[in-house]
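Starting off with a structure, shown below.
Chain IDs A, B, C, D and E follow the sequence of writing; residue 1 opens each chain.
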Amino acid sequence: MILETLSIIFLVLGAFFSITGAIGLFRFPDFFTRVHAASITDSIATLLIIIGLILRTDFGLIAVKLLFILIFLLLTSPTASHALAKSARHGGLLTMAETRDDKNKEAH
Amino acid sequence: MSFIIDYYNYWIVVFLMMAGFYIVISANNLVKKVVGLNIFQTSVFMMYISIGKVTNGSAPIVAEGITTYSNPLPHVLILTAIVVGVATTAVGLALIVRIKRAYGTVEENEFKDKDDLI
Amino acid sequence: MAVFIDLMLLGMLAITALRVIFLKDLFAVVMLFGIYSFLSALIFVNLDAVDVAFTEAAVGAGISTVLMLGTLALTGRKEKTNNHKSWLPLLVVVATGAALIYGTLDMPPFGDPNNPAQQHVAPRYIQDSPQEVGLPNMVTSVLASYRGFDTLGETAVVFAAAIGVFSLLGLPKRDRAAIESGLKSHLVLRVVAKLIIPLILLFALYVQFHGDYGPGGGFQAGVIAAAAIILYALVFGLPLATHVLQPSLLKVLAALGVLIYAGTGVVSLFLGGNFLDYNVLASDPIAGQHLGIIIIELGVGITVFAAMLAIFYAFAGQAERKNIP
Amino acid sequence: MFEQHLLVLPIVLPLIAAPICILLMKSHLAWVFATIISGLSFFISVDLLFATLEQGVLNYAVGGWESPWGIELRIDAASAIVLSVVTGISTLVLVYAKESIAKEIDSSRHTLFYSAHLLCLTGLSGILITGDAFNLFVFLEISSLSTYTLVSLASDKRCLTAAFRYLVMGTIGATFILIGVGMMYMKTGTLNMLDLANRIAEYDGNRTINTGLAFILVGVSIKLALFPLHMWLPPAYTHAPSAVSAFLASTATKVAVYVMIRFIFTIYGAEYVFFTMDMDIILMVLAIVAIFKCSFMATVQSNIKTVLAYSSVAQIGYMILGISLVSSTGLMAGLLHVFNHALMKGALFMAVGAVFYRIGSVDIKAFQGLGKQMPLTMAAFAIAGLSIIGVPLTAGFVSKWYLVTAAIEQQHWIVAFLVLIGSLLAVVYIGRILEAAYFKKPSELTEGKTIKEAPILMLIPMWILVIANIYFGIDTSLSVTAADTAAQWLTQSIPEPFVSIPSVVTEETIK
Amino acid sequence: MLILAATCIAILSVMILALARALKADTVYDRILGVNMFGTKTVLFIAVIGFFSGRPDFLDIAIVYALINFIGMIAVLRFFEYTAAEEQEDDTAKEDRTS
């Protein structure tokens, strides 16, 4: 029963975080803030939802697989975001503040 | 109403097939043609899998406490068809790479001008 | 709920497909194609076709997308606008679509257990295959035993594709002097990749030998194992990857897999059964079936692994050669 | 001990040989090996042909699973005829290929060529032998994929675009067939061809089944290059290496014609397709348009391979015309033409390949004056060309004769007349080439050069086909009996009831 | 059970948002970000739906999804580095020609 309640709490929180992340993906002004929103909530939501699911198993092979998925996602997702942001930066994408500065310079 | 519930799946699948088919025959760029072929084939696969679905059925792997299973035969056929699809894609893309090297372009109308295909 | 999810996913698919028609940026087209594959795999899961979903995700979203990106790298990203607009394609498509819709009108209702497709041949697979073949996964039983000939053909198709790509693009030579390429500047990535690749290979082995009991099998395992090496090649560069696994070895492996599969059939001929009759492989039919399925799945796995990886090598080799003139 | 397994061997032998060819590494080893395997398949096929003529139908349960649960192999006279043609031509082409590809294909790709050729043979034999609708699709794709590879092996860059176009059209065709098979499965729950036939017969005018038929017919029509869907064929046959053109022109489309016959007569039943769906009118009109349009196109080309390619599309028109006459004689004429056309087109493409081998061009200018310089090659070309026209004492005459007879039998006087007119167009396009070869002076391409006769390894298979052309033009007993038996068997309007007694090998039969 | 359904729907709506981002993006990087998020959410979706339909033993598919998603991302990055290098070469080549 306690496990069930805990699982519900985790799942609700996870769902909430993933929705906020998605909203961030839309509402934030430039790419780098969007990466930030997406990747952080991605990680926390993944963590919460999978823990919520683990609490529903009988802690056997399924739990191990879930744990494997969790570790895998926690390793790869931030790595991918990091690499993406890095190559965006490398490819010459500017943050919003910088774009504004550039425009100011052009104006002067 | 039951008419729609019975067939909506097939109708959307038909729409998807036709979207893929349209890309194949209308695209001028060869890579896009191959993408279109893939979309077309994937949609046909969906038709097959829809045939095999049984309402309230479960995946055809024996497990305790489950009595209705979906039909495994379409799954087998489509596994084979997916492999065939990726094989065709690989050969098609390899051809595109060679065409690019030989003609310098992958737009159909451009190399058509170059070698007046019959 | 299943119907609701089905509808949502199909709707997303339809939007994606429509968007692909009008996009001119080929890179975006390929990305959306990846999404399309993922979505259709989700639909397969929702329609109980777990094995198919497994394959579609690995092949459609994985291998196909990687190969398409490889091609784009060589051919350019933008589709040129073509002023020549013709109504013919639209006409053909509308006619074909109308024919299909006409065909759906007499179709048996979706999901009805009394449909002809569920009645005639399939019940035997569902009811008897766990006893006759002795595996819980009916898809594996049908794939490898009842319709094993189809799967032999499928292996031959993969082999034919490999031959086609070899003859078109050639295989990269193993080059000791080649400089290290790959994603040099991404240190984090390189560390993580080193951690993950052994895990992926382990997972591939699990899929290969667990395919009799759960979703998976030789084909999926081959693709996943190839994906591990592809990841290695992407991060550390093709020259290093070809040091680990030589292209000429892959050629031999691809041929070997087909031979293992067909050879199993020939052995069953010599033991007095029909072609691909696994019953005669061991004293007990069930044991024979099990043995036969394990061997042929191994054959499929080897061919698919080698062929997929070799195809990737061939594409990557093109890019590499272009890089260093 | 292999007698009862003969049925599976024409598929399995080349399938096993293809990877071994890759492992052999050496080009000439692969050549010897591939030729032997192909020849072995040919002998097995001929054996099967005689067996079917005696016993009717042979079947085999792969994996020991009785049909319709397992995959059934099934061969009757119709499939055995085409199988003999395919394996026979394959063997001759392989003999011919050694010299031919040495000139046309980069030496590092020779083993790949033999391997792809054997895979193509596997696919074609599989299509002919299988008794399962989905298995047919799988083998169709094996043969198609290896065909794309074979076409793209030529050194001319135009072979690439031709192969790509072929790939796109071929894949659309295959996917259409897949849709059609899916619709049939949806309504019947089975994939075995005989089982399908029986269960489809229970439905009377069902919209799903009708649509399935339409998709299958369109898909197969793309594969066999029926008139408005033939656009892939001329470029593919023109730009492929000569040995590949010879092989494909005489086998691949023929096998597709066989698939169409199989679907129309065995699965759906002639009555259903022709009387309920009125497909005969559509097919007949398309066939006649194909004969005229493409024969005419053939008369205006300057590339001889293109001429022959268009001629192929026109000749396919004759085969489809035979099918669309809805009679056992018509079907027999169609099957006979499948057989005879393979002999003539094989010889013609081989002769053209020999010219390319010596001169490096297949333009009509290259042929000028060749009658003296390459007498044997041009004599072969001339005889095979006369066969295409349908001159008496050649095989082409026999099939046209039966075609006209069938048309007259059905009171289609106009059709009979049109067939004869169509032959006149063939006189024009073949005559043009013969005129250049025998009556014109050498052009700037060949002038002043001494041109030797083609190598002996190219002449032997070419002349075997030419002699076969004459032989089957004079002694028609074998070809006509076989085609007649096949046609009789196929046009029995009611398929024999489905018996699910498998030919599982029991302990007794082995001992 | 209800909570699983709710989670399903939540993840589904996030997927729709991510898809919208991928379909209609300002820059390529945004598109990739959308695709990546779509991929990770798909993994979670499969996991949750496995529990929802009472057969959680199909998590293998979720693992494959996670894996393929990661490889796809790496392939995209590699593609970018490759084409960027190419474009630079093109630019320098042009400059060489003009100078």
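Everything that follows uses one rule, which is that contacts are C-beta pairs under 8 Å (C-beta built on N, C-alpha and C of every residue); 3 or more make two chains touch, one makes a residue touch a chain.
What you are looking at is a predicted structure, and each value in this text was computed from that prediction instead of being measured.
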Intersection of the contact lists for subunit B and subunit C: D, E
Neighbouring chains shared between subunit A and subunit E, ordered by label: C
Pair of chains ranked first by number of touching C-beta pairs: B-C
Chain whose average C-alpha position is farthest from subunit A's own: D
For subunit D paired with subunit E, centre-to-centre distance based on mean C-alpha positions, whole Å: 47
Geometric centre distance via CA averages, subunit E-subunit B, whole Å: 21
Centre-of-Cα separation between subunit C and subunit A, whole angstrom: 29
Set of subunit E residues in contact with two or more other chains: 32, 53, 57-58, 60, 63, 67, 69-70, 74, 77, 81
Contacts with 2+ other chains: residues of subunit B: 17, 21, 25, 51, 58-59, 61, 63, 73-74, 77, 80, 84, 87-88, 91, 95-96, 98
In subunit D, residues with contacts to at least two other chains: 134, 138, 141, 145, 148-149, 152, 179, 185-186, 191
Those chain pairs that satisfy the touch definition: A-C, A-E, B-C, B-D, B-E, C-D, C-E
Residue ranges of subunit D touching subunit B (in the complex, touch as defined): 134, 137-138, 141, 145, 148-149, 152, 157-158, 160-165, 167-168, 171-172, 174-175, 178-179, 182, 185-186, 191, 234-235, 238, 301, 306
Partner subunit E, residues of subunit A touching it in the complex: 7-8, 11-12, 14-16, 18-19, 21-23, 25-26, 31, 34-35, 38, 42, 45-46, 49-50, 52-53, 56-57, 61-62, 65-66, 68-69, 72-73, 76-77, 79-81, 83-84, 87-88, 90-91, 93
Contact set on subunit E toward subunit A in their complex: 3-4, 6-7, 10-11, 13-14, 17-18, 20-21, 26-27, 29-30, 32-34, 36-37, 40-41, 43-44, 47-48, 51, 56-57, 59-60, 62-63, 66-67, 69-70, 73-74, 77, 80-81, 84
Of all residues in subunit B, those that touch subunit D in their complex: 17, 21, 24-25, 30, 33, 37, 40-41, 44, 47-48, 51, 73-74, 77, 80-81, 84, 87-88, 91-92, 95-96, 98-99, 102-103, 111-112, 115, 117-118
Complex contact set, residues of subunit C against subunit A: 183, 185-186, 188-189, 192, 195-196, 199
